[in-house]
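Chain naming follows the written order as A, B and C, and within any one chain the residues start at number 1.
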Amino acid sequence: MLSEFLQFLFSGVTVGATYALAALGFTLIYNASHVINFAQGEFIMLGGMLTVAGVSAGLPLPLAIALAIAGAALVGVLVVRFAIRPAKGADVVSLIIITIGVSLVIRGLTQIALGKGTHSFPAFSGSEPLRVLGATLLPQSLWALGVTAAVVAALAWFFSRTLTGKAILATAYNRLAAQLVGISTGKVLYLSFALSAALGALGGVLVTPITMTSSDVGIMLGLKGFVAAVLGGLGNGLGAVVGGLLVGIAEAMAAGYISSAYKDAVPFVMILFLLFFLPRGLFGARVTERV
Amino acid sequence: MRKSRYPGLLALSLFLALLPLALPNAYTYDVVVRILINAILVMGLNLLVGFAGQISLGHAGFLGIGAYASAILTVHAGWHPLPAMAAGAAVSGLLALLVARPIFRLKGQYLTMATLGLGIIISIVIANESAWTGGPDGMSVPALALGGFELSGEKRWYGVMAGLLVFCLWACQNLMDSPFGRAVRALHGSEVASQVVGVNVGRYKVAVFVLTAIFASVMGSLTAHYVGFLTPGVAGFFHSIELVTMVVVGGMASLYGSLVGAALLTMLPQLLATLEGWETVAFGSILVFTMIFMPRGLVPMLAARFGRGH
Amino acid sequence: MNKRMTLKVLAGFVLSLGVGAGSVLAADPIRIGSVLSVTGPAAFLGDPELKTLQLYVEKINKAGGVLGRQLELVHYDDASDAAKANSFTKRLVESDKVDILVGGTTTGSTMAARDVVEKAGISFVSLAGGVPIVEPVKAWIFKTPHTDRMAAEKVFEDMKKHGISKVGLLSETSGFGASGKKETEGVAAKYGITLVANETYGPKDSDMTAQLTKIKSAPGIQALFVFGLGQGPAIVTKNVAQLGITLPHYESHGVASDEYLKLAGKASEGVRLPSPALLVADKLAANDPIKAVTTSYANDYKDRYKQDPSTFGGYAHDGLMLALDAIKRAGSTDKAKVRDALEATRGFKATTGVYNMSATDHMGLDLSAFRMLEVKNGDWVMAK
């Protein structure tokens, strides 16, 4: 009984770590620009796929990973330069469509350059499963969780202790005021997208040894990451991480205890119910609307 | 002050009457019929997204309900197509009513998320209940027959759809110019201000949502009978996005814009089909390009350009 | 216009006349229409299918074509969407005026094209596996792959041989998996098999340990049967190893490709599945009737694309060859004659097996064409 529950929990937490990183990425960009970046899932995909490309070109794994994350960050910068910046002032719906267009372009180009097959690369420290109280856990899952936790801690430090981090927060809070105190909100935009892309790519790299990657993994991951971000209250970093883990665990528990057929519906049912009772998500701020 | 709608409607009717002369084969008729179906669908969605300003990323869900209601009731329960269509519309309307109040309490991105979630849940249910719906491999739908007249073949559908389009355009224009329509447009401008002048914002939002849902459901039923085969993809996320894109590209709150948006985006995959491998990139690029350079949509931009001030 | 320009224009005019005359003199090409799912969830199937069709149309054209006419392949990508499949099929039939159709990667896209094809009276050789495509038999529709039901039957046959009667089924919620689930449930009783567990997973899911944990603890379970396509079953296989499940593990023909071995790695050791003989072309007996055609297809594909051949590409190869053979026998592209010729196909050697079509059988293969394979030392071998 316990071992079953633990197994579901481990499975949920592993996949939840990816959702958490995706959700963090969504939150970062939303904070900097109020854009819902539907291309977030593609950054996750790029992490995995670019690493695969690097490895098959003969690069050692750590170098391939570093280049992949840098590559994704570069793509993030390009997205801002060519799709977000030119559309300044567009309304919410238009921005959503733009990011969807961007995700199609990224996915299409990846398919052309790297093909439509499924790929993987070796786990960081072997794939012998660990036995914990009757359930099994892959070492790679521990990597995924550990690195995610480290990243969250690093981000928390970044946003509260460094000037750049505080600049990003300031822009999120009130764009005009931030500009008035001399913060370059343009640079903040570039930085948030690059950082968010890097985070997504990192998430992709961490789980590819477990889940494999292909050019279309981004779609579902992006959607579920969005759900996780909204669950935690859009704009709240800690909420995003908690949301991601919750979504992952809920999915696994539903698959294990209720019905595996409706597993995919679980995050969406969750979000609907939650929003009906907590319209701003778990940690969302109470906002007053200015007329 | 108010322009007469009739010249526009007349011009459209004339265009639709003469168009068949330019259509060489059944395939081109097929594309045009799909454009007409999408146009009506998009006009309905525009009422919600363009006029009332409420984003819905899950509208294909209602389409799916209508389509599958028609399919299931005619195939499994032997109903006549018209009552089946009505049943589908009733279910859609009821569902919309049930979720509208709680959904519209949400603002901005939370509303987007909720509609998204609703659409996806509907498509997952359709895909899973394969005993009724045929699952991911889909199911066949019999043709629509009224008494002795069977509505099959692209030419007959063209005639019916063209007539329906003109009627719906007239009806929507009428609606948006009526007090109901003005209230809806007001709440897009500013909810607080409309409440101040006595508009019951909640009730109107719900009303538009239900109306659009019923629209989508009926068009879904018609699509099912026209194509003759359904898969759960009709209710899926991508289809919802396609529909919203048609609204935005054509022009929010512009009914003629909806026609243009529907026409462009229905023809685009056909035009890109010869681009071996580059279709996705091309489609995505066009979306980005259009939204950057024509953020208000094609028709409003053209109208502004030529100074008519819509 | 100066002299130079005039000369150039004249030269261009004469050239175009020549080209025009040339194309009038050359015979009309045989147009083969194809709607494949080259992108989207079924790309795993559609991509090798398109590559195969393109490879062989080119090869046959170089060798002189068919009936003295060159082949022309007109293809569209339905992105795994049945509504698009319906639309593109109409385009192929009405606008591009193709002579025959070879395509339909998924059962959904094939069925969506059915009415168009039947109404227009044009033969359609489908590459999809669903039973409804040929049951009930439709005049103009044929198919090359084994049905999902045959896959289930082949697996159950093997299980019965090994005394297995309690089985856990894990199927994918895609069209392939859902159809497989239905057929598996339908034929289980015939082989004395009871399904003690019946779980599903989504095609893009990344972890199936929850479902497998449930299956593992089903009372009396003796074997695991997975019905899925592409990367899903590879993840399932890895999960099975991770959870330490040692039950006999059977897969469907949806993983009959070397990519599965690469992705599942060591965990795939001992897995059994029904597959067309293409995967073990080099291990077939010298007197096996399809050894020549499978080896030649495998080599052609590998040489051209530097990738291992897949059985899905094999279905496309067979579909094309069947269509061309029927056209040859009919002596023309007359649609009714070609259809009759297709139905009269007997003893046709192809990579999936030896085809014998008839008025009541538009699939043409029986269970013997399916070989039971096992994974040993990272390679496919014939199972004992």
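In this text, contacts are C-beta pairs under 8 Å (C-beta built on N, C-alpha and C of every residue); 3 or more make two chains touch, one makes a residue touch a chain.
Since this is a predicted model, take the numbers as computed values, not measurements.
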item: Overall pattern in which the protein chains touch one another (line/ring/star/complete/other); value: complete
item: Remotest chain, chain B as reference, centres from CA atoms; value: C
item: Contact pairs, highest-scoring chain pair; value: A-B
item: Distance between the centres, which are taken as Cα means, of chain C and chain B, whole angstrom; value: 36
item: For chain A paired with chain B, centre-to-centre distance based on mean C-alpha positions, whole Å; value: 32
item: For chain A, residues that touch 2 or more chains besides their own; value: 111, 261, 264
item: Two or more partner chains touched - positions in chain C; value: 38-39, 173
item: Two or more partner chains touched - positions in chain B; value: 128, 277, 279-280
item: Contacting residues of chain B [partner chain C, same complex]; value: 25-28, 30-31, 34, 127-128, 130, 135-138, 140, 227-231, 233-234, 269-270, 273, 277, 279-280
item: Contact set on chain A toward chain B in their complex; value: 30, 36, 82-83, 86-87, 89-98, 100-109, 111-112, 223, 226-227, 230, 234, 261-262, 264-265, 268-269, 271-272, 275-276, 279-281, 289, 291
item: Of all residues in chain B, those that touch chain A in their complex; value: 49, 55, 57, 99, 102-103, 105-110, 112-114, 116-118, 120-121, 124-125, 128, 190, 192-193, 237, 241, 244-245, 248, 252, 277-288, 291-292, 295
item: Chain C residues within the chain A interface of the complex; value: 38-41, 43-44, 47, 173, 199-202, 204-207, 209-211, 213-214, 217, 230-231, 234-235, 238, 241-244, 259, 263
item: Complex contacts: residues of chain C adjacent to chain B; value: 38-39, 76-77, 79, 81-84, 86-88, 90-91, 93-95, 106-108, 111-112, 114-115, 130, 132, 173-175, 178-179, 182
